[in-house]
Structure formats: C-alpha cells, structure tokens
Amino acid sequence: MSETTSDIGDSRAAPSVLRREIWGVLAMSLGPVLAAFVLSGLILLLMQVNPFSYYGYVFGRGLFSPTGVQATLTRMGPLLLLAASLIVAFRAGIWNLGGDAQFLMGAVFAAAWTPLMVPHVPVWVALLAGMAVSAGFGALWGLVPAFLRAYQGLNEIITTLMMNFLGLSLASVLVKLVFLDPATTVPQTRTLAVEDRLPTLGATTISSGLLIGLVAVLAVHFVMTRTAFGLRLRVVGANAGAAVHAGLAVPALTVAVFAISAGFAGLSGGVAILGQYGNVRADWNPAYAMSVVPLVFLARFNGFAAIGFVALFSILSIGSESAARRMGVPNYFTLVTVAILLIVLGLAEYWGARQRQKAGA
Amino acid sequence: MTLFTDTFLIALLAGVVAAGVPLLLAGLGEQLSEKAGVLNVGIEGMMLGGAYLGFYVAWASGSTGLGFLAGALGGMMVAALMVLFCVRLGLNQIVIGIALTLGAEGATALLHHVQFSRLYPRLPEVATWRIPGLAEIPIVGPALFDREPVVYLALALVPAFVWLYRRTHLGLAIQAAGDKPAALDSAGESVLAIRALSVLGCGALVGLGGAFMSIAAAGVFVPFMTHGNGFIGIVLAMLARGRPLWVLLGAALFGACLSAATALQVAGVDIPTDVVQMLPFAAVMAVLLIAGRNAKLPAALGAAYVRGER
Amino acid sequence: MPVAGPPPIVTLQGVTKRYPGIVANDSIDMEIRAGEVHVLLGENGAGKSTLVSMLSGLQQPDAGRILIDGIERPIASPAVALEIGISTVFQHSMLVPSLTLVENATLGRPWWRRPDRAGTAAAMAAMAGRIGVSLDPAALTSTLSLGERQQAEIVRALMRGARFLILDEATAMLTPHDAARLGALMRRLASEGVAVVFITHKLNEAVEYGDRVSVLRLGRKVGGIAPEQLRSMGAEAATAEVVRLMFGTSDMGAGAAARPAPLPAEALHTPVLELLALYAEAAAVPLSNIEFKVHPGEILGIAGIDGNGQKQLAEAIAGQAPVSDGRIRLDGAYIDRLSIGARRDLGLRYVTDDRLGEGTVGGFSVALNLLLKEIGAPPYWEHGLERPAAIRANAEEKRRAFDIRTPSVETPVGKLSGGNIQKVLLARELTGTTRAVIFNKPTYGLDLANIAATRARIRETAARGAAVLLISTELDEILELSHCIAVMDQGRIAGIVPNDDAARRRIGELMSGVSRE
Amino acid sequence: GEISSIAILTPEAGTDYGWNQQGIDGAKAAAAAAGIEAIVAENLGYGDVRPTLRELAEDKPGLIIAHASGYNTAAPEIGAETGVKVAIVDSPDALKANAVADYTASGHEGAYLAGVLAAKMSRSGTVGIVTSGEPPSWNSQSAAFAEGVKATKPDAVIRYAVIGPAAYSDAAGGKRVTESLIAAGADIIFGQGNGSSFGMLQAVETTPAADGGKVLFIDVIGDKSPIDKGFLLSSVLWNLEPVYAAMIADVKNDSFGSHNYGIALKDGSVALLKTPQIPEEVWTQVMAVKDEIVSGKITVTPHFDAAAVHALVTGN
C-alpha cells in the first residue's frame, strides 16, 4: 500500500503556471462539489424533494447563517487534529485506522481529570494539563500497535482495528466503573463547567479548538514536507527496505510515528471535551476518525488540502441535518450525499492526474 | 435446576454458528479480494447491500432461496462499483471503500424507512437441511448438522478456496495480481479481469453473509444491522494471511466468544457486561501476540495497477 | 531496400514514445527478421527498454506504426504480443516473488486448468539443461538471488517456444561462461528461424553473437550495421564502429587498464577492514568462517558464481543482516554490534546491487535520493530544516559529474532508466570521506562510458586510502581492479589469490571447486 | 408566559415503536392539544447535538425537549446560552426555575407489573430479560421486572443477558441471545432494545419453549400489536403526552422549572398493554397489584445502575 505522493519534490512553479494552477485547483475543488450535488439532487428529485431548497438549506445553515458557520468552525477543530494525526501516520506509511479509540482514550482521561484539577490550580493550567493528559493517553493507546509493528512486524491495520474495538469497550468500562460522576444516574464523567472550558474565539461560540487544529495541521504539514525528521518518516513510509539500507532506525521511527499520530488523535478527543462537550458519556463514539480517513486520502496527505476537505465535510454535516429536518428528508440522506461526494472527488483526482500526465507528455 | 442442559448447549453452539457464518463469509470474501491486491474496506457496505436486498426479495417472493441469491447479488452490485472505481479507474481504494460503506448505510436505511419502518416484516424460520447420521450426534448434531443450506455452503467454501488457491491457475493468477501485477500482465493475463472477478466474488460472499444475517440470523432487516461485522471480516482476512482455514478458525473464535459472553451472563456470573464484551477482541489480540508475527500482506495490496507505469 | 523472401516479423515505422520531459523513442524505423540476432545498443537511457516495452505490449506508441509480418497490427497488450509469438525477458524481474519458479512459468495458462507442476518442472529443467544453467524449479522466487531469477526468466521465455525472443540485458547478471552459453543458444535459435532482439552493454557480446546491430542515442536511431557489413568487418573494426555510433568517438574503452600497481609495503601494516571468523546464519547459504583483511588503498575482489553468499557477506558487513559469530573491525574498532547508521558514520559504505528494492525510493526525486543516507546533515539541512537550494545544487553537481540523464533533478528516480538509477546510487556513495566501501556489482547495467567512469572512481576511492571490497560476477572487472581476489563458494571463502598472471586460472579452479586454499 | 411552539430532539427515527416514537408522538399530541406548533428534530444520534440545539433555539420556541439522556449536559448549557427553556431526562438535580426541568421517564412501575404478569404466565418458572445495552432507563425496568417476578413467585428463575455494549441495531444478536435464553428454559421474554428488539421478537416467534409451547414476549415503551403475530404478551407502555402537556401548562404559568416530571401508573402515563394472550383472571390479579402500587401499598424504587440489576437477577 505505498502511496507515492506527488508533492514530494514540491515544484517551485513560475507565476503564470501558478495562476493557472490556482484556477485549476478551484475548478478541481468546486467542480466535483457541484457534480456531487447534481447527482444527489437527482436522488432528491426521485424522493420528490426540491434539491435547490435542500441545498439552499444545507449551505444556508452550514456556511451562511451566523450560528451555523460558528458550529461548522467549531466542528472543524477536532477533525483537523485527527487530520494532523492521520497525515503523520499515512505519510510514514503507517495505516493507523485506530484513531477513534485513541480519540476516546484522550477524551475519557481528559474528562476524568480536568474537572478534578480545576478547583486546585488556575484554570489555564488545568486545561493545559488536560490537553497533555489527552495526548499522552492517546499516544499510550497507540503504543501497543506501534511496538507490535516495530518489533514483531505485525501489520498495523489489523492491530489498530482491533485496538479500536477494544478501546471503545474500555472507554465505556472506564466511564461506567472508574470515572463515573457520582452525582448522576447516567453513566458519565464529571462535567467541566462551561466557564472553565477552552475559551471561545471572541464573542462567538467558536471553540478555540479550531485554532489548535489549524496550527496542528499546518505544523504537521511543515514538519513532514520541510524537515529532516519528516523526510525520514516519508522514506520509511515509501520504502522500508530503503530506510533500513540508509541506516534509519526504522523501529524507533515507527514507534515515534505512532506516538505522534495517536497523540494528536488523543488531543483531538481532549480538545473536543475541554472545548465543547465538558464530559464523556458511556458508549459515546462520534467516529470522527473514520470520517477523516477518506478526506486525508483525498487531500493526498497535504495539510492545506486537508483543511479544505475538513471544512467542506463540516459544512455538509452541520448543514444537512438542518436541511433534512426542514425538508422532511430522513437524516440518512446525508450519508448518501457524503458517499457521492467522496466518489466524485476521487474521480476528479483521477481526472486531474490524467490531465497532468497529458500536459507533461 | 441445572442451566447447562443439552438444549442450552445446543443453543450456545448454534449461536456460534449464527454469529460465525457471516464473519466467515466476510473474511473469505475479503481474503479473496486482498489476495488479488484490492483492499476492500467497503465490505461493510456490501454486507448491508446483501442484507437489504436478500431480505427484500425473501420477503417479497416468500422464498428464502431466492433471498440468499439476491443477497449475493446485492453484495455484487456494491462490489461492481468498487470494480469500476478502484480496479478499472484506479481510484484510492480506502476512499472508495469508505464511501461505499457510507452510501450503502444511507441507501439501505432510506429504503428501510420507506418500506419497512411501519410494519417491520419478519420472515418465518428458514428451512434447514438435516444431514442424516451426523445430525444424531448429541449437542453437536442439532447445532451443526441441522442447519440452513447457506451454513454448509459457507463451510464448504473453505476447502474450495484452499483448492482454488493451491490447485488452479486462477488461484495462482489471483496471487500474482496481488503480489506483482506487472508479472501477471506480462504473462498475457488481464490483471483487471482477475481483480474484477475477485472483487465481485468478494461482493457475492459478503452479500451472502449479509443476507444470512437478515434472513436467517435475525429474520428482519433493520438499519445498520451489520454493525461492524464487515470490519471484523477485514481483521480476520488479514489475520489469516491468505489461508482460508484460518478465516474459519477466526470466525469460530469470534462466534465462540460471543456465545461464551452470553453463557456467562445467563449463568449469572457477575462481571461487568462491558468487560465480557471485550472478550472476542481481547482474544484476537492474544492470538496476534502469540502467533501473528510478520503478517505478510500482498505486495501490491491497495495499489492500482497501471500498465507500464514506473 | 528491396525485400527478398518473407516480410520481417516486426517492422517499426516512425515509432515515437514520449514521457514527461523526454522523448524516449523518437521516430524509430527498424525491421526485425526471422533468423537474425538483432543487437540493440545504446547508452543508458537511450530508449532501448522503452522500445522493448512497446514490442511486448506494455506500452503503446504515441506515433508511428508497427507491422507484424508486413501487416499493420498494434501490439495492444502483452497477451497480443504472446499470441504473435513475442516472448520477452525484461530488464527488471517479472517474476512473482511469492510463487515458485514453476508456478511463475505456468502463469497465463487457462484459469480452470490445474497447474501441471511436475510436467512444467521437467520442461524447465530440460530447457535449463539446454542452455547450461541449473535451477531448482520448486524454489520460491523470493529466496533466489537476482542472477538466479534472471536465469529463470530466460528459461521461461525460451519454454514458450516463441518465434521472436527479446532479451533486455539478459546477460547482465550472468558469469562470462553462462553468457557465452546463452550466446551460443541465441545463434542456434536464429539458425532455427527465430528472431532475437538482444540488448547488452557488452560490445564483445554484441559483435560476437549479433547478425545486425542498431544503435540508439537519445531516443533516436543513429545508425546500424547490416549483416553483410558486420560479417566482413571483423571484431575489432566492428567494435570501433559501434563505439563511434554510440558515443561519437571511437577510442572508448579501448583496452582494459592493466592490473593495479602493487600496494606500497607500509600500506599493509594496518588493515582498515578486517573480518575475523565471521559466521552468519542465513536461510539458504549461511556464511561460515569468513576471514580477510583489506588495507588502505587495497581493492579486494570477491569473485564467485552468483548466489554463493556474496550478498549475505555484504549485508553482514554493512549491518543489514545479523552476524551469528565472529567479529568485524573497521580501523581497529569492532563494529559488528553497531547499527547500520553508526557504521556509516565511521566511514563504511555499501553500494547495493538492489537498486530498486532498497537502493532508492522510486517515488522520490533524484535530488532527495542522492541524499537518502545523509538526511539531516548540513549544509542540506540546517537545524533539521530543509535547504532546498543546497539540495538542488548538490543534485545538479552530481548530475553533471556522474552524467545522470534525467529530465530534471526533481524527476522521481523510479522514472529513470536502469543505468541512470545505478548512477544515482554511485553518485551518492562515492562522495564524502570513506574508509571502506563495499561495491556489489557496481557496473551492472551501465553502458561502456559509464563503466569506464565508474571503474575509475573505484580506483580513485582506493587511491584516497579507503579499503574497497568489490563483489562482481564479471571476472574481467575484478582482474582489472583488484589487488587480491577472494573466491566465494557456498558461503565460504574458497581461497584468496594475488592478482598475478596466474590469477585467472586459479580463480577458475577455485570457482569450480577443483582446488581450495 | 407566551408559548407558540415546542421543539423535540430525538436520537433516532420516530418509527421505532419505542422511545423515539413515544417522545415524538407525545410532543405532537401535547402541542396539538395546546394549539401550538411542534418542531421535530429526529435521528440526531448521540454525537454532537449542540449545533441543532442552537439552531432550534434561534426561533425561540417556548420549550425545547431534549429527549435522550445523552443530551442532558448539552441542552441546559445551550438553554442558558440562548435563554430558552429546556426539558431533559435522567438528571433530576438539574432543576432550575424558568430554565430547566427533568422528566426522568422510568417505566419501572409498569415493569414491576410486567414481572408479576410474567411470573403468573410462565409455565416453566423461568423468565428471561434481554437488553441491547445497559442504559439507566433499561436498567430500572430490568430491575423492577425482576422484583415483580420475585415478589410473585420467589422460586422463579430469571435469566439475564445483554446483546452488546451498544447493540441497539443488532437484530441478529438480539435473536441469538434470545434463543439462548429460551434454550435456558425461559418461556417469557422481557425484551428491551430498539432495532434489536425485532430480532428478539423473531426469536420468540420461531423458537418453541422447552415444553414445546409458545414463548411470549413482553415489550417496552411502545405498542407493537399492529405488527404482532400472536406472540406479544404485553408491553410496558409509556405515554409522554401528559408530561409534555404539563410542561406546556407550566411554561404558560411561569412555573416551569419549579418541579420535575415523571411517568407513573397513577396517571396512566405508564400502563401495561392488555393483549388477547392474557387470560382475564390473570389480568384481574395484575390490575390488583397495580392498584396497590397506585395506592402506595407497594413502592417500587428505581435502580438505574447495571450492578443493581446484576445483583437482583443473580440473587437466585
């Protein structure tokens, strides 16, 4: 499963080429979105729903209404952190599909300990510590597959999927039996008071998780494309045999990749809890990581593109719930729209690659 | 009042089969697809497709046999999209796989909403084939040898696949398509044909597994009813490293753990349910730790084949 | 030119193939006739393999026509090629590693049929016997050395009973003895009416086995020698003519340099690289009791038939394979417990023969591949940050110095021709300070000019005081460069001989197991 | 105060003959009775409900009903942020004047009656409980059911099994586990689960009891008699309309948030479904027990934690 990314040599293009590229990128990103809406619009027509009103509501809510766009931006925070997590892993050729459990581990431990810390230390200390805890426990959960892969050669797709199932169960065991808020009958952790959560941006309801997520994705992008450490990881990912031959410490790098990747996933859980939700309920699993996986692939592991796709996905998921309700369409339709969008974006990528090849020939 | 009567043991063993057969079919299907170099993460969607179409046809026609056939067809219909996008056009297999799963989840839930959400039709019990002689064995007999034909088919597929992989040119070609497609291509065989065939075969098996869930194991279709069985199928296929018998063992292990969890609860053993539910996953991790060293995957797994590309 | 008799099996008319940034084949006209060995020559990257890929159906021309038996017929796929009777041994292995040789040989037969393993194995063994190589049809391909794989591919191609056989650098991995046998076979096939296209960088082979020569340069056919001409010319003159066509000058590669001068006595005091009773457990050919010393400035050749543990030896010294007993010393310090990177830091270099598998990262640019073993080192990285200008400058410099033919230094290295990938490897390993260098088949796949340049570089490396271990299956190369020659047989050193007048004979004896010393 | 509309949020679709459907139907009925509009947001899942809450709050409905225990942190927070009154479940302590009220809907009294009914109807003396998970509302009914059985027939055996940690849609699992319970001797199944309850129903319909007779099914929350094939013994019916109607009235009187709401046998918001499977004399006896509960002679205390349920069912 080696993915040869095309931006490896990062062409330093001339200005006119650049302008053409920007147009190309715009056409390449808006075109497929439109095409996807036409296709799902046809299905809506079959269901006797006016597609224009439906998508009017989707974008009206997800992008153009003040509270809607704030919800979209808030939703992006944890997703961006997961994108950062996956970019590190995928660029290093590590198929970490266990992001959901790593996310939950981070969420559960941050939720368990931060409310306990708050009375004793300044809030910002508690929040920073909570984020550190979440990253730490996310990373810890990632270390099992890391060591199995690095020192036993065990394929990480199997182990991360298994650790995912195990982690979901463990998270709910922890919530129900260990970190239970004694004050409620509902199995959930103690709640971090609204005023103790991560600050929102100015007078909005946008969680500062958005900023953390943006910084994380950009930092990861920079590290992976512009630093020696990132290059080492990419060598391991592209050809492990060559990495061994070049004298890279492949097992250590593998463990490092897992720790960073799972750490970001854990931090994503922590930021979601500390910034938005305040507590974790038993059996809670928003399954964000599985949604981000295809987005990161479509972005070809590029941080900027990932931000774009995460934004699009967030707009769609915030907007279509509202549209479904207003139009009387079952919410399941959102799944169909996302599926069509992913396929059309994949097709656009294919078409673009062919165009590039033709242009080069 | 003893709990562990014959009847109870039979039910537990039958439970292993009921939970294990869809996993076995999913694992065998995924194994076929992976051997040919296509990482099929869309099998959850194929399973749902099979579960829905199988149930619909069985319900509408009143024939479970037709239902199972339609289930295989439903899986193949979703698989055909995978063939078009990933084998023919070479799009990213993980993106398309996840998209197909989401799409099938949404589509079958919508269809269920329109058709069944008021009536929740349930099918009568599926007729079983009683194997004379074997069915008389105490406990094991009724649980294993008086079953729906699909169960026998699933079990028979295990040696069939061993035979296919080892003893036919097609088997060699499938392995070549996953390990070094260029070699297969230069030997004059179509990589696309082999991969398409494998993915369609995968879809048929997985769809049949889904139909088994909706027609036989549940007798009813509800949205998202495969609830992750497809992903467990992926794990089983990877765990088995190309050997069908290992898929069978893995599926049996999973089924056994589920039945064991039920048995423990029914027996009133007071461990938290969530802990009991971790059993199968913990068991697989244990197997991985003990036996899973150096799991080798086909070299070209996940990579689209483009002739002459360097 | 009036055509007498049947039309050529394949006729190329204005065939053109373009890749991004390069015209790999530029309007090529060529005829390939039954009963002829048609030798295709050209420097690395000239476009030979590209032509082969179009003849075998792996690529389609962007322009031009292909005629089969005088009738236009595109070779749309490998299946069509096979149907026409075109059988190819590609430059890079086309065997499935996870299948045995027999199973590889049966690929392509009808799906439903049961593989006839016994029958195919017998046929393979028979064909192998005919060309004088020995192979184990039941062996799993991944356990075989590159040389053994190449032999198996030749056998498989011959088994297909083709009327048109293409051999793309098929002798690159063979010993001169085996190459001669293959040559004789080509002649025999030609006399039986088969058309053979033979690509090689060894001009002596070209002149000896070829009926007709075509020379490619920068994608264009720049000339050729017709059969009558070739027959009348004599070996010497023909070689000179070929060199003129290929490089535009005729005094290339003239006469191998004499043996190296003996080392000064003081160089022999302290060895740089020392192996002490080294054992390594490996699946097929374990190393046992390997002992030798290499002094500063000394080149120790390792001769032997391919697959006798040479690769294990190189990997054990480089740190890529575990050592079960014995020690390795570099400049007096024990290095056998050190990691690959630590050994490299001490000045140990290993030029691998597996240029695609481990030597390079195919999807990465030439520029990055040139620095693959120095990631993080200044001036290319400062404080861990990439310095693109420095990386580029380094690449441009190496590209010039080593004559790497690439559209740009940003081109993914996997897109280069085999020989040019090899140049990237050499360029990477032969710069900077080195104490000991292991060369594993350093010139395989290189054209004449590049072989000469590479050999000069190996000499230079030694002259600067490094110890050199030269693993090669080319005896001439070893005799040209080495001070001493160790012969490997079955994972042992059968003997070490000084490079004197008797060396060639004694090596032959050692290789064939006649004597041991 | 003024009230022109109410909004209700549910995690799943309102077509499940269960929790979601009862909530939505109740809200619609209460709104219709009060002559106001009901806005329904269904199928929201348990992931992130805040955006929907904020959007609904924009239209300033008189009341937002957050109909899932998973919403009981988010709803009061958004209510406070936007100044909209919210009703939540499973958080009796969250009461806040003119802001938050709780309606912990627990059918435990009805489940107790179901236990009495099961004990009287069981031929084998073994009854089974199947649940798709262990949320508080399931637990309180499982526990009360067990108490009802024990109180009626102390030597009865109760078999208890959970399909999976969150196996709400696992219909095949529901059937498999139910079949195991039947094989363990149960001839009455008390089943709780959304999609998976159809698998339980299927098991009951296709598996004979140990004595070869019929196994009967006791459902919860909704009324599945329209789709019954003669195996539905009863159901612990919830009716949320009175609860919501009381809320609307309180909003009008500015007394919302002064007290919590509940469902009980007393006002008929909890009831036991009568089906043809129940013989008249048994029904009469069960109704007698009901009267004792209503009159306070028998008190049924809810147990919301899984451990209490395990203790009750294993205490054989």
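Should a chain be cited, it is by its letter among A, B, C and D, assigned in written order, with residues numbered from 1 in that chain.
Keep this in mind: a contact is a pair of C-beta atoms (placed from the backbone, for glycine too) under 8 Å apart; a residue touches a chain by one contact, two chains touch by 3 or more.
These are the chains along with the protein names UniProt gives them: A, B = ABC transporter permease; C = ABC transporter ATP-binding protein.
Computed from a predicted model, the values in this text were never measured in an experiment.
Asker: Determine which of the two chain pairs, B-C or A-B, is joined by the larger number of C-beta pairs in contact.
Answerer: Of B-C and A-B, more C-beta pairs in contact link A-B.
Asker: Can you compute the centre-to-centre distance for subunit B and subunit C, using the mean CA position of each chain? Integer Å is fine.
Answerer: So the centre of subunit B lies 46 Å away from the centre of subunit C.
Asker: How many angstrom lie between the CA centroids of subunit A and subunit B, rounded to a whole number?
Answerer: Chain centroid spacing, subunit A to subunit B, equals 29 Å.
Asker: Could you tell me the distance, in whole angstrom, between the mean C-alpha positions of subunit A and subunit C?
Answerer: A distance of 46 Å separates the two centres.
Asker: Starting from the mean Cα coordinates of subunit A and subunit D, work out the distance between those two points in Å.
Answerer: 36
Asker: Residues of subunit C that contact two or more other chains, please.
Answerer: 362
Asker: Quick check on subunit D: which residues sit in contact with 2+ other chains?
Answerer: Residues 13, 165, 306.
Asker: Specify, in ascending order, the residues of subunit B that touch 2 or more different other chains.
Answerer: Residue numbers touching two or more other chains: 113, 223, 272, 274, 277.
Asker: Which chains touch, pair by pair?
Answerer: A-B, A-C, A-D, B-C, B-D
Asker: Which subunit A residues qualify as touching subunit B in the complex?
Answerer: Going by the criterion above, the answer is residues 1-2, 148, 152-155, 157-159, 161-163, 165-166, 169-170, 172-173, 176-177, 290, 293-294, 297-298, 330, 332-340, 342-343, 345-347, 349-350.
Asker: Applying the document's contact rule, which stretches of subunit A touch subunit D when the two form their complex?
Answerer: Subunit A residues touching subunit D: 61, 65, 67-68, 71, 74-75, 168-169, 172, 176, 183-188, 191, 194, 205, 276-279, 281, 283-287, 318, 321-322, 324-325, 330-332.
Asker: With touch defined as at the start, can you tell me which subunit A residues reach subunit C in the complex?
Answerer: Interface residues on subunit A, with respect to subunit C: 2, 4-5, 8-12, 226-229, 231-232, 234-235, 238-239, 241-242, 244-249, 357, 360-361.
Asker: Under the definition above, what is the set of subunit C residues touching subunit A in their complex?
Answerer: Contacts found on subunit C: 18-21, 62, 319-320, 339-344, 350, 352, 354, 357-365, 367-368, 372-373, 375-376, 381, 384-386, 388, 410-412.
Asker: So in the complex, the part of subunit B that touches subunit A is made up of which residues?
Answerer: 39, 81, 85, 89-92, 94-96, 98-100, 102-107, 109-110, 113, 223, 228, 231-232, 234-235, 238-239, 272, 274-275, 277-278, 281-282, 284-285, 288-289, 292-295, 297, 301-303
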